[in-house]
Amino acid sequence: MKIIVCIKQVPDTTEVRLDPKTGTLIREGVPSIINPDDKSGLEAALRLKDEINAEVTVLTMGPPQADAALREALAMGADHAILLTDRAFAGSDTWATSCTLAAAIQKLEYDLIIAGRQAIDGDTAQVGPQIAEHLNLPQVSYVEDLKRDGDALILKRVFEDGYHLIRVKTPCLITTLKEMNEARYMSVGGVLDAYREKEIEVWSLKDIEVDHGNLGLTGSPTKVKKSFTKGAKTAGKLYDVDSKEAAKIIIDKLREKYII
Amino acid sequence: MNFNLLKEHQMLIKLYEEFTEKEVKPWAEEIDETETFPVNTLEKLKRYGFMGIPFPKKYGGAGGDILSYILAVETLSKACATTGVVVSAHTSLCGAPIFEFGSEEQKLKYLVPLASGEKLGAFALTEANAGTDAAAQQTVAVKDGDNYIINGSKIFITNAGIADIYVIMAMTDKSQGTRGISAFIVEADTPGFTIGKKEAKMGIRGSSTCELIFENCIIPKENLIGKEGKGFSIAMKTLDGGRIGIAAQALGIAQGALDETVNYVKERRQFGKPLSYFQNTQFQLAEMKTKIEAARMLVYKAAYLKESNLPYANEAAMAKLYASETAMEVTTKAVQLHGGYGYTREYPVERMMRDAKITEIYEGTSEVQKMVIAANLLK
Amino acid sequence: MNNLINKGVWVFIEQREGEVQKVSLELLGKGRQLADQLSTKLTALLMGENVAQAAQELIYRGADEVIVVEDSLLNVYITEPYTKVMSCLIEERRPEIILIGATAIGRDLAPRVSARVHTGLTADCTSLEIEDETQNLLMTRPAFGGNIMATIICPDFRPQMSTVRPGVMVELDIDTTRKGEIINIKPSLVKEDINVEILEIVKEKKQKVKIEEANVLISGGRGLGKIDGFEILNQLASELGGMVSGSRAVVDAGWIDRDYQVGQTGKTVRPNLYFACGISGAIQHVAGMEESELIIAINKNTEAPIFEVADVGIVGDVHKVIPALIEELKSLKK
């Protein structure tokens, strides 16, 4: 079985802080990680590798620094890694991103494509299903469990109020939730191999066949008009009053904020 | 000259930190409190390749350099000095002498299971009457046909009782003094070999430290490492390497205590201000940090020299001397900055201070390191 | 779909077992506003099997027309048949805007449709407005884990598609005087469109409610004194429809389970209201809750750092202030 896992390198948003004075984002020193939903997808693929010797290729589109995320995936046990990087891809929205990734995947052999449900920096949950559409594959998103059933997969697809058990034939695309599993660590030998013995294939625009009008900022139907922070938090007011008075103050505030 | 870590080292640190945060830190307090050897952690250390970092892949190792290994001991020790010394004693004192001085057969039979983590290793030199004066060995090994018969005892042996494979020193020819000492590999289940008293210790309480007793313990002659009479030299070279491991452990303890303290002083308020606001706090932290960084340079340099097959005994001694004394000083200051809470078991700095002390003592006391350094200076 | 002659605002009506989901009604409320601003029609798109009976209410809730697509192959939500029907209707009828609930269904369907009809999609919008000059839809959404907000436009492609989280928009009250048209359409679905096989459908009430998802959190710290202190917090939580959480100190003390811990080593939360009761406000704790919309802190110690991030700080005893507050809330309800 050949599996392609699409991963994204993201800033660890739990480490992102706002400058209390300016209210702007402090990006400096924020570590980059493999997006958690993607990491679970990778773990699911590696379990299939352990089980049936599946061949696992990780694919990412991003700046050259995304190399680190791919090395990490190799150090966890992935067999191959491809970095899709080109200035022409810069500024891609989910439509252009999925179009580019799909073009790269078309160059590869696959039975299963795995993408994380959503990335923690964008939270859109769009790229996986859009890749499936560009490749004309069945998709199952929000997957929390995966079992093999011959040349098909049985997937637990979760909803807010329950789940469906879905059988889908390969080739197909699934999007995974981080709750699906606890991803393994890299291994010491894996890290060393990832840097010394394994290669990351770097693909640029010339390596894929895609309509240039569908790429990057020009190929993106959506544009960011502006971005802003909610602003710095101003210190609140301190009240040293009796309990009854305090209760009244709290209730007024709750009303003001439409909480009651 | 280049002070940058390679990308592979940076990625290893990421792995070590994640592993330490999730698999080591949560148990540090408990294994200290209950004096329990971290068996479950050991299983995971094995799975992720921590038990044979600097040994070649063909011997079951990860194929890393000395620095890759040192960074692991350092990071593990930030949260738990016990876990740090388990890995260090296993790797530097048992795996390393077999790798460096053992025969190909010994490497395949013993190093492979050690490096892959299937088996745990220990090293035995110290005796009741042979501590710093290691030459005063009384354990004897007498050749008997195809075997050696070992009699005597060893004390303060790290990993004893848990380890499967022991590298031990014994006299094969008393008349030759230190040149009459030989090194042997002894398997844990060899008849005549038993584990004696387990020590109750001040620090690194999760590690197992016991007496080894040999009563007509018969081992095959194939288990002699190198030649008869080479044992003292093997032991001293092994300890030179081991010192870099202990220095890394000390460095980790110091860094762990500083990290805890930085968090604490930002949080703890006195006189209406966080402790971090006061200049005394700031100056103390600055001194702690500077000494840790100096110790780190010494430790990494010693690792670099050993990796490059350059003489490193002197640098290893300086690294261990300075890192262990820094660990003691930094943890003492950390407790002081925590005030009354620092003296309680509610905060980890109290444990770190107890753990730090041993780094000034084992694998050569600070005084032994000074002897080594001075001897190099005056030769 | 690159065509600017598109007209009309559509809302995808999400139904589960025939029951229209609340988020879809909320989107009709918002869609009504947008359609009025654009002087165009608001269309509800209702797909499923035997769902037509829900159509009338959609008109009462603001729709000008309801497109009802019924087919046995639409019985349970499956990506492909829903995508096919929706995409064909978009191609035929060319709406200008489509709003979809950002649910586990909407977030599966919307990207697939947007890729098929080639248009932009903006996820999880918290605000939707029409830009006066261009008549473009301004779609504002949080990004970076909620740390920044971005306003997105889709100027050159139609329809402008957007998903919106439940609870963000407000539904209109039922107005039975409203009139509208119900259009029934038979889709051209074939068996092969069902490209996955549903083996089992399991409904479950989520056992574990996640504090990260609560709108109101009543959080207790060491200042509660003892485990019993959580009783009044539970009472307050039920008055305000919230959940109880705690600081690391009370988790370590065993007063509350680790799943409910707020802070760097616990969960990061951003509720609309965070009540810090007897929590001093260690940095580790603050890091996990400072993004909350409204923070109210009660602490005996005037110097407690929690007051630095609180919008309202009450210097006082939790055991007195909270019962007084519960009393007041109860009397308000009467």
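Per-chain residue numbering starts at 1, and chain names A, B and C are given in the order in which the chains are listed.
Keep this in mind: a residue touches a chain if its C-beta (ideal position, glycine included) is under 8 Å from a C-beta of that chain, and two chains touch if they have at least 3 such contacts.
Because the structure is predicted, anything quoted here is derived from the model rather than measured.
Of all chains shown, the one whose average CA position lies nearest the global CA mean is A.
Farthest from chain A, judged by the mean position of CA atoms in each chain, is B.
Across the two interfaces under comparison, B-C and A-C, the one joined by more C-beta contacts turns out to be A-C.
One inter-chain figure worth recording: chain A and chain B are separated by 40 Å, centre to centre, where each centre is the mean of the chain's CA atoms. Centre-to-centre, using mean CA coordinates, chain B is 54 Å away from chain C. Put simply, the C-alpha centre of chain A and that of chain C have 21 angstrom between them.
Within chain B, not a single residue touches two or more of the remaining chains. Those residues of chain C that touch chain A in the complex are listed here as 16, 76, 79-80, 83, 103-105, 107-108, 110-112, 114-116, 118-124, 138, 142-145, 147-157, 195-206, 216, 240, 268, 272-273, 287, 290, 293-296, 298, 302, 307-317, 320-321, 323-325, 327-329, 332.
Only residues 68, 71-72, 75, 185-192, 194-196 of chain A touch chain B when the two sit together in their complex. Chain A makes touch with chain C in their complex at residues 11, 13-14, 16-18, 25, 93-95, 98, 120-130, 132-134, 138-142, 154, 158-168, 172, 220-230, 233, 235-244, 246-251, 253-254, 257, 259-260. Of all the residues in chain B, the ones that touch chain A in their complex are 6-8, 11-12, 14-15, 18-19, 47-50, 53, 57, 61-64, 68, 72. By the touch criterion stated above, chain B contacts chain C in their complex at residues 263, 266-267, 269, 272, 274.
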